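Each of the next two complexes has subunit A plus one more chain, namely subunit B in the first and subunit C in the second.
Here is the complex of A and B:
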């Protein structure tokens, strides 16, 4: 099963625990400036939004890399190989979402690699704004909310009984 | 480890900046932030100095847990001699600024002297510069934040700044960081203004390391679990913010109303957390938009509010139609109950202006409240107020006052003195609800007896955050005591004061103590820094800090006479609610408190006490 980070910005409080967990996992210290996930503060709109790499199936960062330093693992994760990366930053230009970034202290680029399958940010999030789920079901919670709304809008006319023709399986 | 070990010293007179090693002996004795910076200040300045003169210093200090994943580990404090009180001042703030300062590699910034012209301090890791602030002098907190980020082309930096209030010497002006978090009390903003220092802008890309990573993750995760499972920190505060208290304190008959003439406010429900979360009749929208966490906080009590665009306060002012920091309980009380105003939208607007201009809403609201009583008595008239009909309950009057105070225009100049100086000037010093010149906050000392002793003995002047015995007396944390009695309160206040001084020195938020005791906090501190930090050591450090602050005030000229409450609380009994018939029993609690503290009957720490604590 392919898993992905699912972000529900409506639950984010802007605490940056995800950024600290990310930097601790990848840099061995608390350093939000080096986090692969970032929380953006749109407080004038009353919104806080975590954002990171979505592991595109067809990754432009990977295609743009002139030295093939970015590969895809068996879980679909795009991984930067530091020993190959020459710090040219072309991938940071290619990425439409800005989630590949240059790390000046190493001269290499950094991006989310899902911590090898156990993302620290999702573990650290106190409100469930970041979860790690089956990639094919990431939208189901939202679907359920909308489904509930449409159910509320629908009128109930007593118990639902199958129509004879359908129940008998004679539709075909 | 935990500490960066580096202090940034900035001399504004000479325009010099230098790095020096943190005094590690003091760090073991005073931990960080409030305690450690107060030690530096007490060693470096004359306690009798003019707080607004060049001899005063102002320190921005983090704690060892600031910039870590410990829940709420993002606090910093501003330590200086306060101009409102002439006593030691320490104002604590959240937001993101404190952690950023730590990430830039500094435990604290000590600012001394006075700049010949307006400047701001830019700290980008080791690159530290004093830069020209001519273009932002005279502008608001919000404009300054935006201007500095644009100028440095860096939206990720964090700014702590004064508004026009601090420039104009308003004695309760705040230092505001991240637009609406504030080192709010005791006039620390005026000290910055007196030094021609407009702002401190910080960007940090260095990491914070801890002594024992594995133990640290265990201790901080254990702590987070306790916070999440606690009714106050896990549900009450994130849902309702500190405003969860409005109805509860009112029902307890401990809500200072109309300058403490009454102890219950008939309009409390209209300005409560519940009202903020209910759709308005006017436009169907809620005042409360969402909650916000400060750095690393897993409680998230902060309020983000939006004012009704058709409300009279903002109807032609689209610049106030966005969401911003909403009402906390203390502000809702000071601006609302204490002035008899139940207009939630007006209070939210006044709170926005306090953030934008850099005012402490507690002292501002309490000063307006005192002025309203003087007005009712005819001691102040429209001749002095510039035509403002300063009646209790008038939202229009409050709005005019806030628009004038930061700018120090007209009657705002009088309000900017604070209630002690204002009431003295108009012949009724007894009407100022202050201790040591600082306005007290949202708990009546008749209905919650421990808070009377808390206000009277607080080293920075009346304050609820120095020993929040409301926890015990109202909420039963850590154990329930009767709010209406004085027995046992001296010991309770001392215990809260000492523990809180330690928490305020750690980098953590005191709100964690609704759920945490020092038994939860000490393991987090100990895993972060060297020194075998047990709960007992934390408590001893807290007691040392309390006595050090007391000695600073003693040298500044304070005596037991300054540990008194206004006569209203000692003579005029509560007329309604559970405390009916009661006055404050401070006279019973204070001598016992001095004795428990190991102080003389005149409130001075004895030599034995000082040597026992190695102050």
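Here is the complex of A and C:
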């Protein structure tokens, strides 16, 4: 069954254990600058938002890669093949979510690959802000409904209209 | 249906694969102009400094890929097109009939009319064969003159540097990457290169190239500043031009590139065009322009193929963007980086630290950006510009503190104000239809 990271920013306390766990799991070191998940800190509002790749169905990063170094596995996860990546960084500007980043120490790009099916960030999160759930049972259906609402709203009025925001609110 | 695709770069290969994905029965022929399997020109600099071998430049790694997709891959140069008889002629004499054809012949490097430019040791860096020549001539310590410090020139610069060459860059414009970034950014790149031991000559022209003196470097390059530079290798990187010369008399109208409509169809029936050879719409200006970058080639290839197969998809325009690594200093530019008329600008500069970010607004929308020394989450700039999100109050916050870009992005583009699964849901919605060209949620 497909599983997905479900992020509930309302539960995030900004402890950044997800970043530490991600860096350790994927880079073998505690270096949050190399984490594939990032917690954005809204200084003035004391609010934190964990943020990472959501494995787009038709991924911009994948389409932009000139050497086919990003492929989709059987779980729908977009994986960077280090042996093929030349480090051109086109995927880092092509991903409109900014979730593919360049790692200067390897000369390759990095992105979330769900740790091969056992994401370290979700294991490390002490508050349940990041969970790894069966896509069918978890937030996925809710997300689909929500996405449709948002998309409809956006088609007619643009994504930042009150209606779209309202749709976002009801989906929460 | 019999589809023929002329040109086997990213646009052509993507088109062939897209056609197969929507039509399992069609006959699909992909015509490449070079002897190798389809490869990426963008990967050549990485071949030159040994990061990859030739196989690493291939667009698709599996040698059986085209057979598996039932795409017939043939090599040959185009000798002409008869759009009435619906036939493509290859220079070897082969005639390929088509029902629908895509022209994806890319671009060719411009060879400036400099006396001596034909001499051995003067190379472009455009094909695998070019790269092989450069590999032979660019040894550790070899004096190399690189003509052109635009986007392509600057990528080649890094490859030559990493091979250990002794580099002189000659650029006609007053700064490096003049068509990609402003004076501040171009100046930073120039100083960075000089600090690395590269000689950067801006406002300088090559006047002639001659054979070098006996026993010395192979060539001697005359410069408009009254000096000569010795060179074992001269690399020409002054720009590229759409490869359309074979279309004379074909009924396919060309300007600087092939003229296409919003469905990437040319002026000739059943002939489409995609990639560097055509002038698709620039999203930022709404006007046709040749945007010779990989993501645009792929986008064109995909959309043209869908239209060829009868699945109408309007091309709303492509965003111009570039990313460049100049000996470790990474820069990027997006959209209207020069700024909008009567627009507002936000910038943060750290000259000594080689860091720079400049944002360009029109009303409360982000329309352009450039960055030096900043790579994290840089794709967010594309997201904001391409989507045309209204930034609302975040515009003024960004004008005051551009470094708050990530906060602004989360708030504006990802519904950060509501948080939770909503962030993922918005991404999900935005991701579903990246090729439609319609702005569903985000695009």
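Assume the second predicted complex is superposed on the first by the 135 of 172 C-alpha atoms of A that agree within 3 Å, B and C clash if a C-alpha of one lies under 4 Å from a C-alpha of the other, contacts with A are read in each partner's own complex, and residues count from 1 in each chain.
Heads up, the rule we're going with is that a residue touches a chain if its C-beta (ideal position, glycine included) is under 8 Å from a C-beta of that chain, and two chains touch if they have at least 3 such contacts.
Since we're looking at a predicted model, the values are computed, not measured.
By the document's definition of touching, of the two partners only subunit B reaches A:126; subunit C does not. Contacts of A:75 after superposition: neither subunit B nor subunit C is touched. Of the two partner chains placed by superposition, only subunit C is touched by A:66; subunit B is not.
Contacts of A:57 after superposition on the shared chain: subunit C is touched, whereas subunit B is not.
Looking at the shared chain after the overlay, A:102 reaches subunit C, while subunit B stays out of its contact range. A simple residue count on subunit A separates subunit B from subunit C, and the partner touching more is C. According to the touch criterion, the shared surface of subunit A, contacted by subunit B in one complex and subunit C in the other, consists of residues 33, 43, 47. The touching residues of subunit A, when paired with subunit B in their complex, are 13-17, 20-21, 23-24, 27-34, 43-48, 105, 124, 126-127. Contact residues of subunit B toward subunit A in the complex are 67-69, 71, 96, 99, 103, 156, 179, 204-210, 213, 224, 228, 238, 289-298, 300, 304, 306, 322-324. Listed in rising order, the residues of subunit A touching subunit C in the complex are 4-10, 33, 38, 40-43, 47, 49, 51, 54, 56-60, 63-64, 66-68, 84, 86-90, 92-102, 104, 107, 139, 142-144, 146-148, 150-151, 154-155, 158-160, 165, 168-169, 171-172. Taken together, the subunit C residues at the contact with subunit A in this complex read 10, 14, 40, 42-43, 46, 51-52, 56-61, 293-295, 298-299, 302, 321-323, 325, 328, 330, 332, 334, 375-383, 386-387, 389-390, 392, 406-407, 409-435, 438-443.
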